[in-house]
Structures are given as structure tokens and as C-alpha cells.
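Shared between the two complexes below is chain A, which pairs with chain B and chain C, respectively.
On to the complex of A and B.
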């Protein structure tokens, strides 16, 4: 069976809706860190060239990333004893007297118009040895991204876990308009809140963004035209395609790990069930068939399972079904409301919305023990999504009636708040690692 | 007459309700003569004997009236004004996590259903909505369940399915902003859009 949308090769380049324009910026505030962060100093990078140097303070971006992770204690620039740019310029004993464990130094040199080379080195101050050193070529536009990659390398060397600073977050904003109504927008920003871009905007609801595994495209639900449809859009070119517009619900798109399929919710046959759509062939396969609500599919990282929300047992709970088809199996047994599953990158846990008393909070379901741990303390927390390295979970919350984003580490020790100046922000989805990395 | 006219069901059809008494009690608001079969409407509400009103499987309840108390199943036949008022009501509200049309809202939906049945050229969109609590796509599904629950009741009154379009907005279009119980109760709703 082919979809209506695909058979017409309905490739809409909607200039009306697509405007990759700067969106309202998100500001990030660390609200809780680990007590004993690793002491580190990121010395301002030297400029090896003529003129005044760069406006962008690359070292400051690295410092902010490490700060935001909650696992490091940065030495402020004003307390630095010297400003070495290379390893040979470092007086290790002087830094050691500041009880510093690690030191980062670097240089930036111009490579012609708008191109630069950044060299940086990470040192163990106690052992006086280099732990990492790289030369990275970049452009003026990509300076921040390169800084995030440097932070990723430092994070991995010092914690043993891959960094996730050079990633992005997609999210929905809702901003009241002067003439009444709201403008709903799907946006993408760097994981530090910078470079926020609007991907699509509409006076009608936009919801449920899902990243393609290559980080190039987003699937989402749009109610434009007065009914829900599922769209797939290239975030760079703005090209988009409607992939589902059946009668009833067209919702909850979720990209398969191989990038070839979308799991989604359709109610064309009377009640919401989970389907899998092959994006190449347009082939649609029904995965669940139950008169109850089945929705919010999520792929396991190995692509073998699809977890979903179902109220077939009374209240909403998490189930899973083999993505190739089979019998659903219930996964969550504690609490009266567990919904919107999302797998950890290792596939060993599911984060979800769990009702605790009258509060809706972010829960973590251990798939081995089936134990549920509540990670947040809000009343209206929803839409949790893992960072691609599994260290943090980003989610939506309400603070004083305003929609905000927040993030919490999986161990609950580190908390961040991501707020916008105006309007509500919700449905954050952390991007996968960029393939270019 | 200005007040409600009461139609009653023949005893046979009443058996499901309270049973026992087959005499029509004297009451000043209806004709003493039994109606012809084609004038009789089968109601899907019933009385639960001695209780003020009894919830049925979907949580709806029937009216209390002196007639009911003495053992018949009746349906109130509303005045034109009353029916117009019901038709002017374009929003019905729901309980938390519930999709059944309950209480007085049942009269509203029944009136719309009879209106649609009597006017087959008229079409209506029924929008289902939810409060903000819980996950968004689950709320889309819950909103659809609400819209369908209204649609089923409209069809039960004789409206044609093709007259009715349903759409769920979940929690995406609140009628009232805010995170209070009051806002939530205003947002758990279905809306008629003619």
C-alpha cells in the first residue's frame, strides 16, 4: 500500500512556512552541580596573526560547556597565574599550587579569509604530561562548533564518557501574537542554546519533533490546513514532504535507527495504533491492533524493539513490541500513569512521564530490574529525551506558569534550566551525534 | 404548553429499567394516551430505582421525576427555547482522564444529534481537547476519544456519520491558560464547530 502523500511525490518547498531565521535565544542556567567537580583551567587561546584577533572567545565557549556539564570546576580567568599558549610555556608547579588537576592551552591562527586553525593541548598538571592535542581547521561560522568539539574531547579524556557538547536540540516554541493567537515554531539550537534557528512556524499546532539518525532532518506533526499531518523536513534546505495525512490522528513520528523508517500513530481504522512507514517505498505496516490507545512509539537503539504507550490495561503504561511484529509486552508496572517512552542510547533504560501523586514527573525505567526512579521534582514535567551520550535527560517543565526546558543528569545530581525571554518552550529533543564529527 | 412535554415508553420497553409497575401515574404534563410507536423514542438512559440518579456504564445519568420514581422510563421533551439553548451550547466538558459524555452535557449532545438528524445537509466538526497534564501525544489520543464519544452519541440520535468530522487537538489549544484546576476543567472539552 502506498501513501497518498508519497504517490503524488508531494515535495512541498513551502516558502511561506519555512524560514530559517534566528529564533528567540535560550539561556541556560546551572541549578545544581556535583560537589566535587574536577578542577580545570582553560587558558584563553592565543592569537597568532596580525590585527586584533577574533571576536569569538573560543576558550570561553569550552569553559562554558565544561561548566554546564556540572562535572568540572573551572578556574576563573582572573585567578590564572599565567597565560601559556603551548605546552612548552607551562610552569606546571605554579598551576599545581592552585590545586589544579588539568590545564588546557591553545592557539588560533588565520588560514586566509575566514578560515582558521585551532591548536589545543590538554595536560595533566600533576604528571606534567599531555593527555590530548589536536589541530583543527575551521571557519568563522563554525568557530563555536569547533569549540564544542574541543570540549567534547576534554570531557571524554577526563570522564571516560563521550561528550555531547557539539550536538543540538530541537524544540517547540509558542509565542503570543499582538493581534491575538499564537505563533508556534519548531526550532533548532546548539546544545548550549546558541544559534537558535526557526525551522518551521505556523499559527496552528506543531508538535512531536523527531530527529533523523544523521541529524539532517526532522519529522514532526503539523496541524496546518486544519488537520494533523506528519512531515519530514531537511533542516538545511527547508525541503519538506508530507508523509502521512490519513483521516484521524497522524501523530508521534519516531525515526528508526537505520533512518529508513518512521514509526507513527494512526487512528484511520477507528482507534490509535502503531504503524511503521517505509520512507523509501511508502509501504505502511500496522504493528499494534487494539481498541485501546496505542501511541508514542520509540525505537530501541538496536532497532529491534518499539516501546509505546498503551492504556489497554486501564491507565497508560509502557509496552514494547518487536519492530518486526509480534506480541506486545508490558514494561512498566509501578504507578498509575507512565507514558511517552524514550530509550537510553545504550538501550538499557527508558525515560518517560510518570505520575507521582498528582504530579507529572520524569521517570527512569530500568529495563533489567523494571525499577522506576523519579528524577525530577516538577508538577508538569514531560517530553524527556536523552543526550546522545546518555549522561543527561532534557525535558519540558513549567515554572510560574511558563513553559521552560530543563535537564537533569541520569544520577539526578546535575540540573540545568533552559529559559526563553518570551513565550513558552516545550518538547525538547536532543539530536544524535553529528556524522561530521 | 410552555413546560416540558413528557413522552413515555410502552411498558415492554420499560422492563429494562425499574420494572414492576405498569400503571401510568397521573401527571399534568403529558397526554394520558399512549403514543404511537413511531412517536416513541428509545432512550439509552435508565433509572436506577431509588437513587437520585444512577451512573450507567458511561457515567451518564437519567433524570429524576415523579414519574420515574413510580416506575416508568420517560424522556423529557424540551421546549423550543430549551432545545435552542442546548443547541447554542457548543462546548461539553469532561472529567479527568474521562471520555464519556456525562450529566447535563448528554442533553446538549442529544440535542445536537437530533438537530443533525433533522438537517441532513448540515455538517459539524467536533474537536476533542485535553488539559495540559500528562504526555502530549497521549492527550491527542484522549482528545480523539472524547470527540468520538460525542460523535457516537450524535449518530445514536440519527445523525449520519458523514455529517460529522472529528479532530483532536489534545492539549495544544487550551480554552483557558494556566495550570489551575479551573483552567484544566475548562480545557477538558469537546467543541462543536458548525
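On to the complex of A and C.
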């Protein structure tokens, strides 16, 4: 009897325990996201005013930004079930049936002569919650920029990373002239390739643009007068200044994160070496001293290191040296050709040009693991640089023998050509976040 | 001495008489008086000078009680006087003989006394011995009596003990027999009970085995169901999960409570990744996966009432 009673007690107890455990124990690990962009719908913004409204489709700019990032997939306008302009007009269930995660609605209201107010709201369709809502004043000229800033807000809300759509790229174009010869130009455009403006042009080569950390100035190499010199130019005022014109090579300027110095390649003492020029005092300090070629310096975001290309080991490879001086240290070991380094904003990776077989492609060197990942599939991809939020890398690629701007997401998933430019495009460089904006 | 005797012929009888007296005293004195008390059996040796008798001429006997005759005056040797002398001698001889007789009688008496004393002593000793023998006999008798009594006592005790022992044994035997009877009865009862218990336990074990088998089958079905539906749920959530972030290793945990139909009653971020967008994307995936594929089987629905969902990315 007692035995039976005991066993019954145990049975009940163990069942209770099992149940208690089971309730807490059922754990299902979720490790795979859908391998596609986050579904989002940016409903065309409504026009609250008389007349036909604006020519510029602000929502379309936002859509394009989000698409280009590779992180989102927009619902085409033709598939939209409704065109709400405010949150109160949204039938969330209807949007949810389209398997949408997020919805952006907005209105544009004229505020007077060439002044507008854009109001937009970002919703979580599933939870029927507003995640963001802003009113922004703008002008006709800044409509695209405002659209990029809306895209930045959405991007940041949905990725946890600051958006970099309202930034710029600088790049060199080469255009054949009717009379023979070429016009070489240094251009600045929005990060989507629109609003391109030439800030300097020359029949002689222009090379190696580099943004100042405040996004106001560009340093570049110009061969005007037949010999290379390094110039610093304010992109808004056009004011410029030659900062280096030494005998031999004056090349590859790179702005220090504090904006006070430029790293350069000079061959004034024989072989090309890396130097650091103090822009305020004009003082020049030699950083490397090797009979091989040392060139293409790039500052780490914390300013402690300068990465550069050197063929001191036989072929071109990436090295780094303390920016205060010291011993160079090789960083890239895989492949016979790695050149043109540029740090990620977090300083944990370097993008570079890596030769794969006979192709030159964009590589990503993980500084922790030293692993190299090839992100592109072109034949002559060159000049990679990170977006300031680290989400993408802009580079130049050859399409039918002509240079074009392209961008790739850091995971290599999304590659896109940017807005078509005139001429042969080379040496793009992504701007930092602009302090002016 | 000899010169003395030559010079004074009268000295010889005097000396002889003295000696005889001494001898006589010595001869009788010991018997007359009290016997000297000699300590123990120590022998007193009397030191005496032995005089060889052949060197001696007979000395005139002289009664010890009689003082020595005065030195006779030199008288002429007349017949009367001779005659007188001879009579004196004869009288002396007679006294001496009487004395000897008396001594002899004394001796006899002494011997008779001694004899009597010895006989008395003998009788006394015999009486003593007889008494002793009697006493010994009495003692022996007493001893015999004592032993007899002892023996009897012991016998009585032994008998008593034996009796007690017999009684004890008997009692024990009876007790043992009673105990044995009881034991057997108990054993029998216990066997009956054990058999009953065994049968009950067998039945119980059978029941438990069946129960265990049923439970094992249930658990297996349950495990399989849980695994199968966990897989379905995972697929559905992963098919709903879009995350726009990049370049980070993130982990959050969402606790979900479902109703009977798999609808999400509540979803709570119990462990945040620190990235709000990531947490939200995971939560959205949970809601987009509604209704969760859960078993239709009533008994397993409880297992899916609360689910922990760890979300992680490394990109």
C-alpha cells in the first residue's frame, strides 16, 4: 500500500515537474532571416494644396535609397492597395496581407513661395504602431536631399544604424573632347549619383580625391602645369590651395580624422614613401623609408594607424604603420595583389582592390581574422570606399570598357550601379556625414 | 699430696672421707633435690678430675654429718686399747654397712619412685594418647559428620538446582514449543500475506509497466510532436523574419504565449539585443507567423502555450 502510494506520489510529482519544465523548456532557436530585403511600402506622398503638385516624387527618392541599400525591398506602387497619407487612413490588415513589415506615408504641403513642409510617418504594419513621424521644411532645390534624410531616418529606425543617404560621393570623370584630348573633372554628387556637380576640371589628369572629415573640402592630385601637385579645395566656395609640390611624385593624399594632416606619397628622396604633412604648419614628416613603393595611405578612424600599399614583399600588399611612426606591419596575406586600402568606419575592416585570377575585384579584409572576402564580380573594379555608416562600399567598375559608379552592400548581397554619369568614371570616394547638413 | 700424706698419715683418711662425702653428695644430691631445670636439652658437663683408683689407698670412711675426730693423742698401744680400736672399727664397719644398706634402700626407693613416676608418666602419656586418639576420633567423626552434612547439603542443593534446571528446561521447552507454534503460525500467515502482497505487487508492477509504457509512448509521441511542430514554428517564423541590420552579432529572446489556436496572446522581449530595430524585427516575425502551427491534439497544446524564442544573427 505504502509503496503504491509513494509511487503514485512520485508519478504525480514528476509529471508536475515535467509540466513545469515543459512550460519553460520549449525553446525554438531562430537564426535565419529571410534572405531578402525587408518588405516596405513607401506610399506616394500626398499633395495638400492646389494645382498639380510637385514634379519631384519625394517618395520615389526614398524608395530608391532604401532599395539601393540592399536592406529593403519596396512594394511597387502598382501593387499598392491604397494610398493613405496619414496614419488614421491606414487599413493595416490590408497591408499586412501583402506581407509587409513597414509602411511609410506622407504629405507635402506648400508653405509659400518655393517652401514646403513634408510630413511623414513610419509604421510597423504588424504591430500597427508608429515608429517615427516627422515634419520637415524644405525648398524645391532641397527636395531630394530632404527625401534622402527621410530615408536616413527610416533606415536608422529599422536597422539600428545611421543612414548615409544624405551624403555625397566625389569621383573623377574623363570626357573625350570634340577636338581630341580629354577633359578630366572632379565631381561631387549625391550618394545616389544625382545632383552631380563638377568642382574642378582640367585637360591634365586629376587623381585621388580625398574628403576632409567635415565633408567641406577635397584634397586631390592635379597635373596642371605638367607636374603633379596636391591641392585642397573647398567644395562650396571653390577656393583652393596647393599644399604639396615636391619633385617627383606627389600623390594619394589622405585626410587625417582630425582634419589637420594629410598623408601623402612623395618620391622626392628617391622611391615613393609615405609622408605626413601638417596642414597648419606645413611641416612634413616621413613615415616610411623603403626602396620599394609605398603608396595609397589611409587613416584608421581612430587616427592611430595609416594603412598603405607596398610591394616591399614582392607584390603589392596592405601594410599598416603607426601614424606617429614605427615599424610597418603586413595586414594582407591572401592573394598576390591587394592594394588601395580604405578603413571601415568602425576600423575593424579594410576594403581594397584584390586580384582574383586576372580580375581585379573589391575585397574586404577582416582585421580581426585577417580573412579576405571578395564582394564584387567585375573585371576591373577599383577604388573602393565605405559609406560613413559602413553599410555599403562605393567603387568604380568597368561596363563595356567604360568606368561607372557602383555600390555593394558589405555582405556582398546587393550590388547596384549608381545613376548614369557622363564619361568614364573613376576613383569614387564616399563622403563623411556632412556637418553642413 | 703424697708428701702431705707421708708426713701426716692422718690426713689421708680425712681427705678420703671428704672426698667420699663429696662423691656421696654428688651421687645422690641430684636425685634428692629438685631436678635442675636445664634449658632445653642442653647438657651440663661437670668438670671433674678423675683420680685413678689404684693409686689410692683406701681412705677411712667418715660420715658426712660427723665432724672429723680430733687428733688422738699419742697413747701407748695397750691390749685394751687394741681391743677398743678393733671394736671401734667393727662399729664403724657396721655403721658403714648400715649406711650402705640405707643408701641401697634409698636407691631402691628412688628407683621404685622413678619406676612409679615413669609408669605414671607412661600412663599419663597413654591416657593422653588415648585422649588424643579419642579426640582425633571425635574430630574425625565430626569431620565425617560435617562432610556428610556438607554432602547432604550439596546433594540437596544439587537436587534443588537440578530440579530448578529441569523446571527451567521444561518451561523453556514449553515456551519454545509455544514460540515455534506461534512462529509457524506467523510464517504461515506471512507466507499467505507475502503471496497476496506479491500478487498485488505483480499486478501493481504490471499496471506500472503498462503505465510506464503508455507514458513512454506518450512521451515519445509528445517529443516527436514537439520536435515536429517546433520545426514548423521555426520555419514559419524564419519565413516571416526580415531584418534590415548588418555587420553585427545580435541576440535577443522573446517569450511568447499562445492560445489554443496558436494565436499570440502575448509576446515579450525578455532579453534585449540592445538594438531596438533587431528586437522589433524579431517581435514582428513572431506576430507575422500567427497563427503558430501547433498540434491539434488537445493533450499537447499545453506544451505550446509558452515558447521561448532566441533570435540571433551574425552578419
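Everything that follows uses one rule, which is that the second predicted complex is superposed on the first by the 395 of 437 C-alpha atoms of A that agree within 3 Å, B and C clash if a C-alpha of one lies under 4 Å from a C-alpha of the other, contacts with A are read in each partner's own complex, and residues count from 1 in each chain.
Everything that follows uses one rule, which is that contacts are C-beta pairs under 8 Å (C-beta built on N, C-alpha and C of every residue); 3 or more make two chains touch, one makes a residue touch a chain.
Please read all numbers here as calculations on a predicted model, not as lab measurements.
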First (chain B), second (chain C), both or neither touched by A:293: first
Touching partner for A:140 - first (chain B), second (chain C), both, neither: neither
Contacts of A:28 with chain B and chain C, given as first, second, both or neither: second
Chain B versus chain C, judged by how many residues of chain A each one touches: C
Contacts of A:158 with chain B and chain C, given as first, second, both or neither: second
Contacts of A:399 with chain B and chain C, given as first, second, both or neither: neither
Contacts of A:267 with chain B and chain C, given as first, second, both or neither: first
Chain C-contacting residues of chain A that also contact chain B: none
Residues of chain C touching chain A in the complex: 201, 204, 208, 211, 226, 230, 233-234, 237-248, 275-278, 280-285, 287-288, 302-313, 315
Chain B-touching residues of chain A, taken from the complex the two chains share: 205, 207-208, 223, 226-228, 248-249, 251-252, 265, 267, 272, 293, 295-296, 309, 315-316, 337, 339-340, 353, 355, 360, 379-380, 382-383, 398, 401, 427
In the complex with chain C, residue positions of chain A that touch it: 3-4, 7, 11, 19, 22-24, 26-34, 36-39, 69, 71-72, 96, 99, 101, 124, 126-127, 131, 155, 157-161, 346, 390-391, 409-411
Residue ranges of chain B in contact with chain A within the complex: 97, 132-138, 140-142, 144-145, 166-170, 172-173, 177-179
